[in-house]
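Heads up, there are several structures right after this.
Presented sequentially are two complexes of subunit A, the first with subunit B as partner and the second with subunit C.
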Partner chain A sequence: MNQYQLIKLAKRVGLYALIAVVMVYAIFPFYYAVITSLKPSSELFRVDFWLSSLDFTNYVQIFTQKSFVRAIVNSIVVSLSVVFIALLLGITASYALGRVRFRGRTTVMLVILGVSMFPQVAVLSGLFEVIRSLNLYNNPGGLILSYTIFTLPFTVWVLTTFMRQLPMELEEAAIMDGATPWVTITKVFLPLMWPAMATTGLLAFIAAWNEFLFALTFTLTDSQRTVPVAIALISGGSQHELPWGPIMAASVTVTVPLVVLVMIFQRRIVSGLTAGAVKG
Partner chain B sequence: MASVTLEKINKVFGSTHIIKDVDLSVGEGEFVVFVGPSGCGKSTLLRLIAGLESISGGELRIGEQVVNDLPPRERGVGMVFQSYALYPHMTVYENMAFGLKLAKTAKETIDERVMATARILQLEELLHRKPKELSGGQRQRVAMGRAMAREPRILLFDEPLSNLDASLRVQMRNEIARLHHRLGSTMVYVTHDQVEAMTLADKIVVLRDGRVEQVGSPHTLYQQPATKFVAGFIGSPTMNFMPAELMEGSASGCQVRAPGLGELALPQSGDDQRPGAGLTLGVRPEHLRLAEAEGNNSFEIVNVEYLGNEVYVYLEPKAGDTLLIHRSEAPSRWKVGQRVALVPELEHVHLFDGNDKALALAKQSQAA
Partner chain C sequence: MSIPATEGAPQEVRPRQAGYRGTKVRRQRVRAAWTFLAPMLFALALVAGWPLLRTFYFSFTDASLSDTTGALFIGFENYLVYDDGAWYGLLTDPVWWRSVWNTLFFSVVSVSLEVVFGIIVALLLNAEFKGRMLVRAAVLIPWAIPTIVSAKMWAWMLNDQFGIINHLLMALGIIDSPIPWTASATYSMWAVIMVDVWKTIPFVALLVLAALQMLPKDCYEAAEVDGIHPVKVFFRVTLPLITPALLVAVIFRLLDALRVFDVIYVLTSNSTSTMTMSIYARQQLVEFQDVGYGSAASTMLFLIIALATVIYLYLGRRQLGVDQ
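Up next is the complex of A and B:
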């Protein structure tokens, strides 16, 4: 009896210890970034685990830099455009792939999936030529184009799986009511697909928001840069100084919108991600 | 309201021929039920009328108009689906108004029609609820309301009651029948349940393997099944079948011998059958009488089912392995293990030839 209770207690303690380890592992880097960003540069290399004083000089410094504010605006424009385009194309494509029967449907699906497996570096030079010939070099348009290429396969796959699960009779009822495919998509399917769209949209947003390689390659001037590149290019007073304080402040600043978005949509994300998994 | 005419309608899916040369006419205001086992093509036939499937061959007319190539919305048909298929994100009102809105109907007209439909179906209290807040029967009514709100010329039902439990099914069956009396609209109804077919239909169409097996009123189908298939499909419990041999046939009647039953003089015309031909004798369970076993006419009772108002007695057959069934009013004195003689009521016996076609009644007995 006593022994049984002891084992139960030990199991419980073990569980919480494990949770604590996972939490520290996941959160510590971000926590340390927050702490560093709030320290004056003089204290930067003293290891503290707790904040002794609040110092916002780093934040003031980055927000008074015009190029950084500009980069944030660019990032927002690019990410939102990518989400919008990816969802629009994804929904229409998923209707075709999920509902319309045509020859080669599976092949199209596999090609789409195959495209998403190439590493970015593999298509970098080819894409560079495309963007140059479209006159989109050093232009947010080029980034929107290239990010959409990489988010679309995922969007299409998730939305197609979701679309296939919507009952066939629902679409037929809409047809009987006189709905065209476009009306069926917008008035009947779209309201039912919000969880899937929130999930894919958010993941597309995060991918576009954090993307670095293309952003570095396809932009040239400060005014066209997105946030990840802008952060990487923050430079200190001299060649030998890495301005950790401002870099951390910038990183925290650009992570906050993502955290907020995930908080808002977290319930939807869960229901959206499991939507394809279990029937019923 | 409109009539529907099908002429040599065919439907081919890839290499499977689902509907084969179906001819049918549905009169104005008629309630027609398509019935048949699963896979017989009854739902496909309904979907062809609705316009959800394309017609591979033949001509479909609604009223006087050929509608083969018209999209569903221009055919003036409304459809009730098996799973109801209500739009989950819309209220009952929006569900019913959706089709009208898409047809660009004026707002007042939409309101008027939805309210009128809701009144008929007693949905007024529920107009602002979402489908998930409704019970099965209510959803069923909303599905009917949605189909009716656009005032279609024909209402189509695709197994609308099969998702409901037994008691609700009986209730909704009644409501549909009363709705038909009240509206007088043309209705086509698909079911695999012969009880639904018998109780609702003005005209039953029995389908088998994509062909029409027989068309007729419930009464005709029950009393004069054209084939052994129809005879076995309509009626519950099913008709008893026994092999029989034709002894002598003439235009005025025939002599038949069935194992166990002995020689029977039946009113069917045996004119076009050769003596010695193998026939099938069919008797409904209520058209059999049981008597004390006598000579060769002796069947063993293997089970007795007591249903309160009536009793089913199951008997070991002389040939084949389908038990024979006898039905009578309760109470019954028969016990398992007893041996009894079977006495069919001769005027209610059916005869089927080697191709399972029913033998027609002889001329004079028909007149009698």
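Up next is the complex of A and C:
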């Protein structure tokens, strides 16, 4: 083996070592939560690097708790409704912004961009009042309404970017045939927009599923909470006696669906996150 | 969630063919456009515009959480008031200034670390090796995990008595006694930064990776032929070329970091050594029920972020102008 080959080999080994470090760094906290959740409480305080037992007591405990199951249902209902509303309003708005030239278009786009930069806490008191006056306080409906503040601007923006890339001829043909704008959207664009809608829908779902501040502030009772709040509020006798086993079991339960989604739709998520970033 | 990094102002729609303008079809399309926009604009006005105006208004009143309608207008008293020989109000509260400092410190340190590590991870993912897709998916995991969950996972790993991190550091002989990561005034801010950096490296790495994949291959071939050191190539060729994408990532991360709430709330709750502006404002609003004073703090936070946004839009425009 000559010197050149040796250097090449060393570089290869170095690369794989670095990759291994990054992989461990990215995955270890989740992996550690999984092995913690599978331990009986008696072994919880011994540090283990490998799966030492397969004890499902923690999972049984959280799933027999009515409020946790209820929180999962609430989270699913809220996230799916948010996705539905964001896509419905987003697809029509993005047609207007992406395909039609009209006065005030740039202003509308700037408003949307501005709203997406709002710190949530800046609207907290005003939104609290709106939600209470609509009788939606301590109700998943209030969360569905308030989550549009961060899902809608994002959805409209990404869908507009995608809408713009579709060829002009399609629409011209539709116009020649006398199709109204509504028919153009539903019959011509909708079938072509499915990939973009899947991407934005997925990102909106993840954002709604993970949201914490509004969920904490606009709900009061256990039966109305979403999972992030339920997990944050799991407590033991005192600050130093947190029931780590059940907390980790609950954490793993709400994370697994997301990890699976990410694994399956990795490409879509990446394209959604970077949409437009390098195209300028 | 923020809008993904789309640079600057939106592009213009391609110009239409001559003779098309002003026709019946066009008028119909413009009318339809506004009809389609109306529901979205109404929704945004309801959840963003109106509540924001109310927050501004509340900040000049003595509103409390139980009764927001009967509030009295009190001018700037929530911000600053001179009463009986002393100044009072938000701007004289040392806890508020502490939280401003904490927010800025957290934002600058965590975003800097994320950018450095994000670039390293992106360069790694850009290299050719077997199982690249798998590694890319694995790197995305921290991003997908709910912030609350990642805060809890790290809280457990950072637990002072039973945490794996203290256990490892002691086994390696780096520390003699366990560090109370989340409880100590010295370490808690670093613990928070550690968790945030872990969670957001993937976002920065993906944006940088997307930029890396668009780079022209030929200048790298030229550099290799000339025998230029890879480190020099990175600083002289790669870094300048990915700067626009990097700038976008930095701004989005910075705006996110300035409004940070959940990771800190879960890890260290309302402790003053890590309290940020969002946590301060929410504590006043919800826990102390003082909507007027809390709204004043929210308004200040909004103004700071608005300023950052304006600077970004200005820079973004300029950037586009230079490119074209």
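One rule holds in what follows: the second predicted complex is superposed on the first by the 259 of 280 C-alpha atoms of A that agree within 3 Å, B and C clash if a C-alpha of one lies under 4 Å from a C-alpha of the other, contacts with A are read in each partner's own complex, and residues count from 1 in each chain.
Here is the rule we go by: a contact is a pair of C-beta atoms (placed from the backbone, for glycine too) under 8 Å apart; a residue touches a chain by one contact, two chains touch by 3 or more.
Remember, it's a predicted structure, so these values are computed and weren't measured experimentally.
J.: Go through the superposed model and pick first if A:Val111 touches only subunit B, second if only subunit C, both, or neither.
T.: second
J.: Looking at the overlay, does A:Trp244 come into contact with subunit B only (first), subunit C only (second), both, or neither?
T.: Touch status of A:Trp244: second partner only.
J.: Mind working out whether A:Ala17 is in touch with subunit B, subunit C, both or neither, as first, second, both or neither?
T.: A:Ala17: touches no partner chain.
J.: In the overlay, work out which of subunit B or subunit C sits against more residues of subunit A.
T.: C
J.: On the A-aligned overlay, A:Leu233 touches which partner chain: subunit B = first, subunit C = second, or both, or neither?
T.: neither
J.: A:Val69 in the overlay: touching subunit B, subunit C, both, or neither? Say first, second, both or neither.
T.: After superposing on A, A:Val69 lies clear of both subunit B and subunit C.
J.: Once chain A of both complexes is superposed, is A:Ala173 in touch with subunit B (first), subunit C (second), both, or neither?
T.: After superposing on A, A:Ala173 lies in contact with subunit B but is clear of subunit C.
J.: Report, in rising order, the residues of subunit A that make contact with subunit B in one complex and with subunit C in the other.
T.: Residues 175 of subunit A touch both subunit B and subunit C.
J.: Can you check the complex and tell me which residues of subunit A touch subunit B?
T.: Subunit A residues touching subunit B: 167, 169-170, 172-179, 183, 187-188, 191-192.
J.: Hey, which residues of subunit B end up touching subunit A in the complex?
T.: 50, 52, 71-73, 77-79, 81-83, 85-89, 98-99, 102-103, 146-147, 150
J.: Could you please specify the touching residues of subunit C with respect to subunit A in the complex?
T.: Checking each residue of subunit C against subunit A gives 1-11, 13-14, 16, 25, 28-30, 32-34, 36-37, 39-41, 43-44, 46-48, 50-55, 58, 63, 65, 68, 121, 124, 127, 129, 133, 135-150, 152-154, 156-157, 159, 161-162, 164, 167, 198, 202-203, 206-207, 210-211, 214, 244-245, 248-249, 255, 258-259, 261-262, 265-266, 277-278, 281-282, 285-286, 291, 294-295, 298-299, 301-302, 305-306, 309, 313, 320, 323.
J.: Which positions of subunit A touch subunit C when the two form their complex?
T.: Going through subunit A, the ones touching subunit C are 15-16, 18-19, 22-23, 25-27, 29-30, 32-33, 36, 44-45, 47, 85, 89-90, 92-93, 95-102, 105-106, 108-130, 145-146, 148-154, 156-158, 160-161, 164, 168, 175, 180-182, 185, 203-204, 206-207, 209-210, 212-213, 217, 227-229, 231-232, 244, 247-248, 251, 254-255, 258-259, 261-263, 266, 269-270, 272-278, 280.
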